[in-house]
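Take a look at the structures below.
In the two complexes that follow, chain A is the common piece, with chain B as its partner first and chain C second.
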Partner chain A sequence: MVGYNLKLGWQSLRRTPVLSSLAIAAIALGIGVATTCVTIHYLLAGDPLPGKSDRLFYVRLDSWDPERPFDSDFPERPPNQLTYRDALAAVVESDIPARKAAMFRARLYLHPEGAQPFSADTRVTTRDFFALFAVPFRFGDAWSAEAEARGEAQVVLSAEINRKLFGEANSVGRTIKIDQQIFTVAGVLAPWRPALKFYDIHNGSERSPEEIYIPFALARPLGIVNAGNTSSWGQGWQTVDGKYDSEAVWLQGWVELESDSQKQAYQSFLDQYTDGQRAAGRFQRKNNNQLQPMRAWHQQEEAVPPSAKSLMVIALAFLGICAVNLIGLLLGKFLARAPEVGVRRALGASRAAVFVQHLVECELTAVGGGLAGILLSWGVLGVINRALEGDVHYRLDLPMIGTGFGLTLVAGLVAGLYPAWRICSVPPATHLKLQ
Partner chain B sequence: MIRLEHLSKIYRAALVETLALRDLDLTVAAGEFVAVMGPSGSGKTSFLNVVGLLDGFDQGRYLLDGQDVSRLSDRDSSRLRNEKIGFIFQSFNLIPDLDVFDNVDVPLRYRGWGAKERREAILGALESVGLGARTKHYPAQLSGGQQQRVAIARALAGRPKLLLADEPTGNLDTAMAREILEMLETINEQGTTIVMVTHDPELARRASRQIHLLDGRLLDVAADHPRPLFAPTGDAAMTTFVS
Partner chain C sequence: MELGPIFRALVKNRTRFVLIVLEVGLALAVVVNCVHQLSEIRATVTKPSGLADEENLLRVLVQPFDPELRDRDRAESLRQADVRRLQNLPGVVAVTRTSAVPLSGSGNSSGIRLPEKRDADPIPGPNFEVSEDWLRTFGVELVRGRDFLPEDYASESVAEAILTEALARRLFPEGDPLGRQFVVFGSEPVTVVGLVAHMTNAWPDSEVADLAFFYPGRPVYERYSFYLVRVTPGLAGEVRQAIDKALLAEHSGRTVEVQSMTEVRAETFRQSQFVARLLSAVIVLLVFVTALGIAGVTSFSVTQRTRQIGTRRALGATRGEILRYFLVENALVTALGLVVGIALAFGLNDGLARFASATRLPLGLVFGGTVFFAVLGQATTLVPALRATKVPPVVATRAV
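Up next is the complex of A and B:
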């Protein structure tokens, strides 16, 4: 009977082209908007590194004011960033993690040959950053461990900035002046634009990844400071040296821990480190060193902009309104067909059979609208991506197409249940004489 | 085939109750051809709806082919209607968007037969009404008589035991009406019980029995034989006229 009901549904759609088009357009609009917003939310809230994120931990040490917690609403939470000293000693200099990265965001000036200098978004970090976060390379690689140890001035360029400076050419080995220092290009990234800047959610989680990446070892020698949030409870952090030496927190620390034992070992290391610091007069609060799994960290800090969630809820409500509006259209269409339904009932169709027949027609209408809506969503996301002027950012993948299809079926059900119930409840004898 | 015992049907509106059928007692044997007559509003359609399981009733008992149908669920009564009853309507009631083949196919779809079995039944039924070559025509492309023949094929395709006809020739000219009636007689001769509602006394006389309804009551049950149009009066002139 499914095939038969589909055939009847298709015939009905063709019989009333204007009404069918209106119904399909209503669903298409609802699905288009809903799928777009759900996709944006999904990409922002989804796992940025599937299969790996559960091994990545954000390092938090409670170096804060002994008199009051970092966050008075959540006194159990340590500061959300690290001091330079702790990032260096507890992250960079530890041999326990499989990979580790201390980092901060800065803005430095690039001086291209024969062109005006311009400022570029910069990530100052350790070489493990790229492997830790599975950053794709187009040419070359991260600077080597030896280069990092020697404090060599090497740089990794984003695909975008490489295009700007060197066209599409492989620029590995070429040099570029950054601020007052000549850097050699060690690698060029492939286009990389995660929906959420998951490795630094406190300094613009919606921003694109940085344009250039330089070694952490050069940060202090070159006097580079961050362009982002700094929190401090002590004094003297306003100068460059003060920032490096004070209790100001402005760096992020990430580690990759491959097993529970490795995690326990690193946790012990952190506790011993802060015990040592306490003996030297720092860390006057009780030990509260946390290794926060990446996704838990994002969740706690509400990394996904609340507006994305609100937008998704509004879009789903809009889809609901589209579906509810469709109820009237379908009801009118079905009730006009009551005499035919009377004949079918006389010929042996049960109430349930009539109900299913009309529900299938509703779902067929919804599927037509859903397919159009998914195409609409694809187009809208393309427009959003172009407006963001980045590489492809939001895109429909299979799970999202599946979600769009699922929403379509639900919308068809919402729109169709009442009209289908009404038409199947019509007493068959009432309309037989009118046919 | 049909047994009604003290059957009553009441239509209830907000303030008014209408007794459409009153205390009907009737037995129709298998293979009978019964004509139901009566003026407009006498309850003929209500009678047909109740007998055809299209409508319920309020009091009494109804046995269809030996089965008590008084308390059947919608699913069971639909199945029984599909398997045991064929309908022929005055206005044919073909579905305009379906071609002849698909119209005849409708009851068989609800029967759950396979494609091959349905096809054989449809083509057989259409052949039997002389429309085997019109399977791809739509109702609008057929004459009234042809449409009624399609309706008969649709009613017969599922091989029902009972055929309910509601003014089957009401929308047809005399020649076509005769043709349809002959077709019904043939069907009856092959063993199908027929209950036909009609206003037309000539048609009713072709039935093996007539029953008359007035204000929902069964007035009388006529003889089991076709009756002459006029009873002999002894008047010679009248006798000559009639003969």
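Up next is the complex of A and C:
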């Protein structure tokens, strides 16, 4: 029966090529715009680590000014980053979390042999970073725990920087001079470009992940400081040593906690730690140490640009207008066929059969338009990627193609219901009389 | 007037007209909200920065990698040598050192308080530490008071500041700001010695983009320094190349990056420009689709009523009367659609405000949108309506 209806639908589309093309074009435009904007929103706001993000927590300690809160609009919120000593003592040196990373962004100089040195976007981090955030490797792996403990100069390269320095070769074990230090390559990442830099939303959340990754243990010995936001309520953070020893917050701390009991244990460890610091003269505010789940953290800090949200709403409204247009086109087309339907009804076709037949034709039109629309959105996203010059990389993935297709079916159904109902309620006699 | 028959015909063929009402309503709502967002983006992107002639103001970023330059004194004497070299380049008008670059998206901000109200919440104080010749280099207008004195730049402490008028108004809502004092960096009170008309700070899309103060000094960072260079119009290209060579000749253990302020601005606003382009595309497509929809429905109704039109013509109706019939009919339907659309526009705006921090729709824009769609409705009806006027009276007499 479905096959027969599909065949009828196909014949009808071919009989009115202009009207059918218009209808298909309307849906294609609507689906193209909607899928594009929904995809952009989904890549920015979707879960960056499905199935894992609820175990990842951003560590916040209230080390701020005893006189006033970090954010006077939200006095209950602790500072959005950590001081160096707290990142070291409360994150790196705790054995409670299953995994933990203390880190910051920096810019360091790469000195390729026989070429001009250039500055590279760098993440200075403990080795768990890669496992915490499921970072894909192409060659090698993170530096080992032993290497980290010994403070060895090892580096992980992004796919792009590996291509720039070593071609596509497996560069594990080779060396590269960074600043004044010779580093050995421990691993090379596979291409990795989340739309939102979800592990550090305060220092250029729209940027690509960093180009090189070096051990946190080397930060202080090499005198590396961050290239990013630093907030301070005290003095003396402008020099390198000052930055490490002052109350300035400039590092991010992440932990993976596998169970509630682990979370509670870590929370009480943090509270004990700050109590101890308070006795020693720091942390003069009352304890406000928070373990913020990753998604809640993103939401609180409004990591998703509002324009992405409003574009999505507007695009869905646009699809609605295209669907209303489609209603008009289908209605005109179906009613012009009323005499023919009258004959079919007189010959015994049930109302339901006529209804289903026309609904199938609507869906056929919609699916044609939807496929064109998804293709259109693929092209538009390509143009957008080129316009943004590698700043972001938006692409359609399977769930988004599925969403585009789902929107198509819904639009087809919404647009088709009324015209199909109108045509199936044509009384057979009226049109028979006219013939 | 034939309002009665038109109205009765509308009620009889209500489906088609409900479609037009829906379409016009939705289109008005979406277009008005899109244009609103677009104009907000445009306002931010094109707002004057207060810097004179951005094309001829260059930002030079120098990042040392040679460990020799970690020595504070060595680095400072090199920075002073850099400034002298830059000043002597042909085509250079003025050079200054600065702690941050306007419009660039990264800079310094410290909370400001009044000495008598030290416990109040601080006012945001985006700031620029600048050295000699900064006024001429930035090209901002000093409207009150005086520039810093030559000896101020070498002083270790911060005693004087020059404010943008916006910051002065915020800090001292009453009375003359000149000579008043404020507290910043947790130090001794700083005295206001001058006011500049307007300058955008490092964060042009923030709510506090107009707030800034300048204080004299020798900006020092261990890993980078900024120089601003004002050049003679037309020579920016040559000066850029010369800057690179001159600074590396002074010391090669560092990298030099030069950008004009026009480029700094473009980079900062790239995302906004992208959203603006997407919105413009949606607006154009939407108007196009709506026009097609109205034309389609009217055209269909003309076809359906060919016989009726012929009968009216045979009974003496003029072509003008037929044309007027369709135009008035469209005007009635569009008007209804626009009423629905105005309500939807405010509803959508409300949703966007809650969901994506949009601002209130200006009434003028809603009015403009309404007029636009009213005209669009009449214009798109005109083509099928003119076709209707060409129906000859003889059609009435023909059998189907």
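The rule we apply is simple: the second predicted complex is superposed on the first by the 373 of 435 C-alpha atoms of A that agree within 3 Å, B and C clash if a C-alpha of one lies under 4 Å from a C-alpha of the other, contacts with A are read in each partner's own complex, and residues count from 1 in each chain.
Basically, a contact is a pair of C-beta atoms (placed from the backbone, for glycine too) under 8 Å apart; a residue touches a chain by one contact, two chains touch by 3 or more.
This one's a predicted model, so the numbers in the text were calculated from it and none came from an experiment.
In the superposed pair of complexes, A:A352 makes contact with chain B only, with no contact to chain C. Judged by the number of chain A residues each one touches, C leads among chain B and chain C. In the superposition on chain A, contact is made by A:N325 with chain C only, not with chain B.
Once the two complexes are overlaid on the shared chain, A:R386 sits clear of chain B and of chain C alike. Of the two partner chains, chain B is the only one touched by A:Y4; chain C is not.
In the superposed pair of complexes, A:R207 makes contact with neither chain B nor chain C. Shared-chain residue A:R395: touches no atom of chain B or chain C. Across the two superposed structures, the residue set of chain A contacted by chain B and also by chain C is empty.
Across the interface of their complex, chain A is touched by residues 15-16, 19, 22-23, 26-27, 29-30, 33-34, 37, 63, 65, 67, 70, 119, 121-122, 185-186, 220-223, 255, 270-272, 274-275, 277-279, 282, 285-286, 289-290, 292-293, 296-297, 300, 348, 351-352, 355-358, 400 of chain C. Chain contact summary for the complex, chain A toward chain C: residues 22, 26, 29, 33, 37, 67-68, 72, 107, 109, 111, 116-119, 179-180, 206, 223, 225, 227, 233-235, 238-240, 305-307, 309-311, 313-315, 317-318, 320-322, 324-325, 327-329, 331-332, 384, 387-388, 391, 418, 422, 434. Across the complex, chain A is touched by residues 45, 49, 52, 54-55, 74-75, 78-79, 81-83, 87, 89, 91, 93, 95, 97-98, 106-107, 109-112, 154, 158 of chain B. By the touch criterion given at the top, residues 1, 4, 11, 15, 339-340, 342-353, 427-429, 432-433, 435 of chain A touch chain B in their complex.
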